[in-house]
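So, here come the structures, one by one.
Common to both upcoming complexes is chain A, partnered first by chain B, then by chain C.
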Partner chain A sequence: MKTNLKQIKEKVIESILMLSSAATSITVILIVFFLFIEGAGVFSKKPIEDGFLLAVAADNPVKKLEPSQIKDIFDQKIKNWKEVGGKDEAIVLFRTSDISQYYTDEELGENFEYFPAKINELIAKTPGIVAFFSDKYKAKDFKGRELDIDRIKVFEFLSGEEWFPTAQPIAQMGVKPLIYGTLWVSFGAILLALPIGLAAAIYLSEIAKKRTRSLLKPLIELLAGIPSVVYGFFGLVVIVPLIQSLFNLPVGETALAGSVVLAIMALPTIITISEDAMRNTPRAMKEASLALGASQWQTIYKVVIPYSASGITAGAILGIGRAIGETMAVLMVTGNAAVIPKSFLAPVRTIPATIAAELGEAPNGGLHYEALFALGCILFLITFGINMLVEMVTNKQSHKKH
Partner chain B sequence: MTKEIRLAKKKRRNQKIAFGLFSLISYAVVAILFVILAFIVIKGIGVISWEFISAMPSNGMTEGGIYPAIIGTLCLVLVSMVFAFPVGVLAAIYMNEYVKEGWPKKIIKQMTNNLAGVPSIVFGLFGMSLFVNKMGFGDSILAGGLTLGLLVLPIVIRTTEESLKAVDDTFRQASFGLGASKWETTSKIVFPIAFPNIITGLILSIGRVSGETAPILFTVAAYFLPKLPTSIFDQAMALPYHLYVIATSGTNIEASRAMAYGTALILIIIVLISNLLANALRKYYGKKVKMN
Partner chain C sequence: MHKIESKNVNFYYGENQALHDISLSMKTNTVTALIGPSGCGKSTYLRLLNRMNDLIDNTQMSGSILIDGNDIYAKNTNVDDLRKNVGMVFQKPNPFPKTIYENVAYGLRVNGITDKKLIEERVITSIEQVALWDEVKDKLKKSAFELSGGQQQRLCIARALAIKPSVLLMDEPTSALDPISTSKIEELIYELKNKYTIVIVTHNMQQAGRISDTTAFFYMGELIEHDTTKTIFTKPAIKQTEDYITGRFG
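Up next, the complex of A and B:
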């Protein structure tokens, strides 16, 4: 009887342990689920603010417009309906604030009670009109026709070059500048950090005395422990003004500033992982090289580095992954201009920085909110892919050993 | 003959130059650390006073102290650890002591690695979507603490696993030989031996949690809240977010610079203390185990 009870207890404990070990897997699945559910919303809604509508005259043959066409119309880049497949008719723009050009205050009534009727009248008598107004001003006997707007397509979302998620009348959600910004800053960081990190890793694993190594290594690891917001602050008060005066720029918040800060943050990752890989080089291989008359330096670059190449690659890829996902430091030093970067000395904006800067202002469940979750999906997919790549590279290394 | 000597000389010279360069670069990396630390210590030390750590911020966060931010960060650390420590340790025990090699273990390992690679801002999005909106916790210490807990879970699991792996198998065999069950062996023999190292991991994750900003932006952090939280459903200020706010978007950035240096210094001190403490513990117990 007693042993039976004991066995049950063992089983119960084992299942509790099993459940705990499933926690990380469940979390990953939940993250994917919530991110993609919220992010997918951006592709199922019209990119116009809730409660607003675009209306045209009833006999206008144009039924449907793409978001980018609407933007061009309101930017007055498209001035005639025939450019979007309609009649040869000049486009007349109308926003709610334009009403005073057509009607006096008396005509609209003290509390704008005649507002719907007047808009109705205006749309009916102006054949080329496109009107943007709140649907509470839509009259009951509406004589115009509501314009159908295309939803944002995944391809447009990825390839669009303008990111104005709160633009009126139509939101522009093109993430290309953000993706470019992220890649520029991250690859800039790796270009700076990789040679420095490799040199330090070689020194620590092959050249330095044991005592020097045990002194330097914890210090370098400490660099990884400094919170990213402190790096951002340091970048803001030291690196940004330095870059500004060095290159004589109007502002110091640039892609370069982001790359420098990220390079410092990526150094510990690159150094520790490549150093570990180098220290795994079998002693026999190094001694064979030295016995054949090679110098220590020749041994390092002809034996140690080729042997640990996959470990070094893993370190570099992981460093890029960290850099791509880093939020606060980048947010504080890159200037956050959502344009496709042309130079390292111009402000850029990255995907994580965009999420951090805009989510607080985006109304819950709205289009902007969902677009930011879609950005999160992109970020998640990139870092997930990078993790898989690292896994592949390190697996290759462990196969080689056996 | 002379050609060979010249070549050998050249070889030696090249090596000397390369090695000199490499050591220089390594020291430069360490120098970066000291420059950052020195800069913040020098600029921030004058700000630190009893008032700074015990008073409410005042006058548009340009004067007063950061007391509510310190308390908020403490609450977040507590909630996240109450969640992540037991779950992480139990998961690691299962991974190291119970499950056999095979595909379930591989999958769990892979998923833990993947979770560790998820960017912190994605945790923020997830925490906002699940804890704040779906579960209805609102912006609260509970939502922020749980988000941070999930973020450090892979770290707790990894360090605990390593501590358990370091326990010599002879202990387990001796215990089994005496007729102890698996759980008895784990809880009475393996866990106590690994405990000091597990605590080391815990301390390091506390350092990590107290410095994270992105996950708490939308789950708990308050811009300015001159009172202490009364329950885990309250909003709170937090040190890293406070630093971000007064460094970039405060009412008067120039006037609050001094406060920013002070806050950065407090954050650095927390990280330094947790690192030093972890290292000291590791050394202390490392010696003790060897003596046995």
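Up next, the complex of A and C:
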């Protein structure tokens, strides 16, 4: 009887443990699934604002245009229909606000009640027109033809160089500047953090006296616990003005400022992980080296660093991982201009910062909203790749030890 | 003249005094065995001879140790040069995670030797010196970890010999090895005696009896007795030594 009870108890505990791990795994899978489902939406929608349409004259042979062509038309880079495969006819741009150039207020009516009819008339009598207006102004006996717009393609999404999701008539969803911004800032951060972090790790594990170490280590670990918004604030108040005056810039909010802040944030990760790896170097190895007349420095770079190389790499990669995903601090100091950066002294915008800044103003379920999810997918893939890399590197390490 | 001469050496780990007033001298090209129960200070003393204890925080030393008449604890002593002259073999074989060749070449490289021919020559002679050449000549480029424990220990001795020390310190070099490997290393020590001054810490009384010329008995951080091995093992002057050697305590 007693053993039976014990068995039941163990079974219950076992199933609780199993349930917790199952719940965790399912949650993770669901989040990723949700992210990709939402993100994929951007490729199944037309990149025009809901409830708006582009209309051309009924006899215009152009049936369908790519988003980039429409953009060029409205930017007046394309001025003739023959450039997009139509007749030799000058393109006449029409936005709703242009109506006053054609009709007086009286003709449109007090409450714009004649608006649809007038647009209809205008489209019918202007063969070269391309009109962008709300479909509530589309007349019942519409004489023009609605222009078909191509969906955004994955390649365009990735390689587009303009990020302007609220642009009219066509949203510009090129994530290249954001990917570049993310990579620039993270790369700069690692470039700054790695040498300093490595130096600090070597000092802590090999040179510092026990007491110094026991003072410094918790201090460095404390750095990891500071909320990122505080780092952002520090960056905004200290680093941004410093960079501005140091390089004599009009604004200090640059990729460099982001890199510096991220470097500070990545330091604890890099230092703690590489220091642990270095301290794991067997004492016998270090003593063997020293006993052969190697100096302390020779021992550090010929024995300690090679021995802990994979730990150091893991620390560096995890540091980058943190830098890539970091949102708040970067948002506060990088200036957030979605352009491909030309130097570290130019403002940039990163993927996480874009998501955080724009999600609030993107209508739920709309194209912009889905584009932000697609950004999230890209970010997820990058960090996922980084984690895989760490896994591989640390696996290699455990092979080496056995 | 003595090769190694220590005078009134005291050593402390923090508050804890590990060595009390040790005065001990060793002649050139002899083997001295340091014996005594665990924690008696014999390893601590051995590690003072190449300043290995410098690595340990919060230690203190007084007295003087002379090697070839030079105070190795003098301010102007170059510790790296000292360790080049005073090689050390550890209790557990500790080859580097490198190839067999690179293990032996390591000491040469860190001491600034870049001439490839010279390095190769020294690597080969050193491996031959420890009678390992026939066993490893075909796998010099393989990891040292592929060797057996006994081979690894001989490789570690070769590594120490490659930089041409004049003193060789051995901290229980056979305690992790099987009897056959042990006897090989004992033979090796016997041969090396012609060229090197050897100080060996051992827990194995028979080993001390077989290979050493003089034996020093340590107890509780004090040097109880130091004499020729024959005297120590046959008619020790002090009762404690006799008790230890005959296995009555320790």
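Points worth noting:
We take it that the second predicted complex is superposed on the first by the 393 of 402 C-alpha atoms of A that agree within 3 Å, B and C clash if a C-alpha of one lies under 4 Å from a C-alpha of the other, contacts with A are read in each partner's own complex, and residues count from 1 in each chain.
Following the convention adopted for this analysis, a contact is a pair of C-beta atoms (placed from the backbone, for glycine too) under 8 Å apart; a residue touches a chain by one contact, two chains touch by 3 or more.
Values in this document were obtained by computation on a predicted structure and should not be read as measured data.
Within the superposed three-chain model, A:Leu246 lies out of touch with both chain B and chain C [touch as defined at top].
Legend: residue contacts after superposition of the two complexes on their common chain; A:Leu223 is shown touching chain B, with no touch to chain C. In the superposed model, A:Leu158 lies in contact with neither chain B nor chain C.
Chain A has more of its residues touched by B than by the other of chain B and chain C.
In the superposition on chain A, no contact is made by A:Leu191 with either chain B or chain C.
When the two structures are aligned on the shared chain, A:Ala58 is found in touch with neither chain B nor chain C.
When both complexes are overlaid on chain A, the residue A:Ser295 reaches chain B and chain C alike.
Contacts of chain A with chain B, set against its contacts with chain C after fitting on chain A, overlap at residues 295, 298.
Taken together, the chain C residues at the contact with chain A in this complex read 50, 52, 55, 57-58, 80-81, 83-84, 87-88, 90, 92, 94-97, 106-107, 110-111, 156, 159-160, 163. Put simply, chain A touches chain B in their complex at residues 6, 9-10, 13-14, 16-18, 20-25, 27-28, 30-31, 34-35, 38, 196-197, 199-200, 202-204, 207-208, 216, 218-220, 222-223, 225-234, 236-238, 264, 267, 271, 295-298, 321, 324-328, 332, 352, 355-356, 359-360, 364, 372-373, 376, 379-380, 383-384, 386-387, 391.
Here chain B touches chain A in the complex through residues 11-12, 14-15, 18-19, 21-23, 25-30, 32-33, 36, 39-40, 86-88, 90-95, 98-99, 107-108, 110-115, 117-126, 128-130, 133-134, 150, 153-154, 157, 181-183, 204, 207-208, 210-214, 217-218, 240-241, 243-244, 247-248, 257, 260, 264, 267-268, 271-272, 274-275, 279, going by the rule given at the top. Interface of chain A with chain C (complex): residues 209-210, 282, 284-295, 298, 302-303, 306-307, 400.
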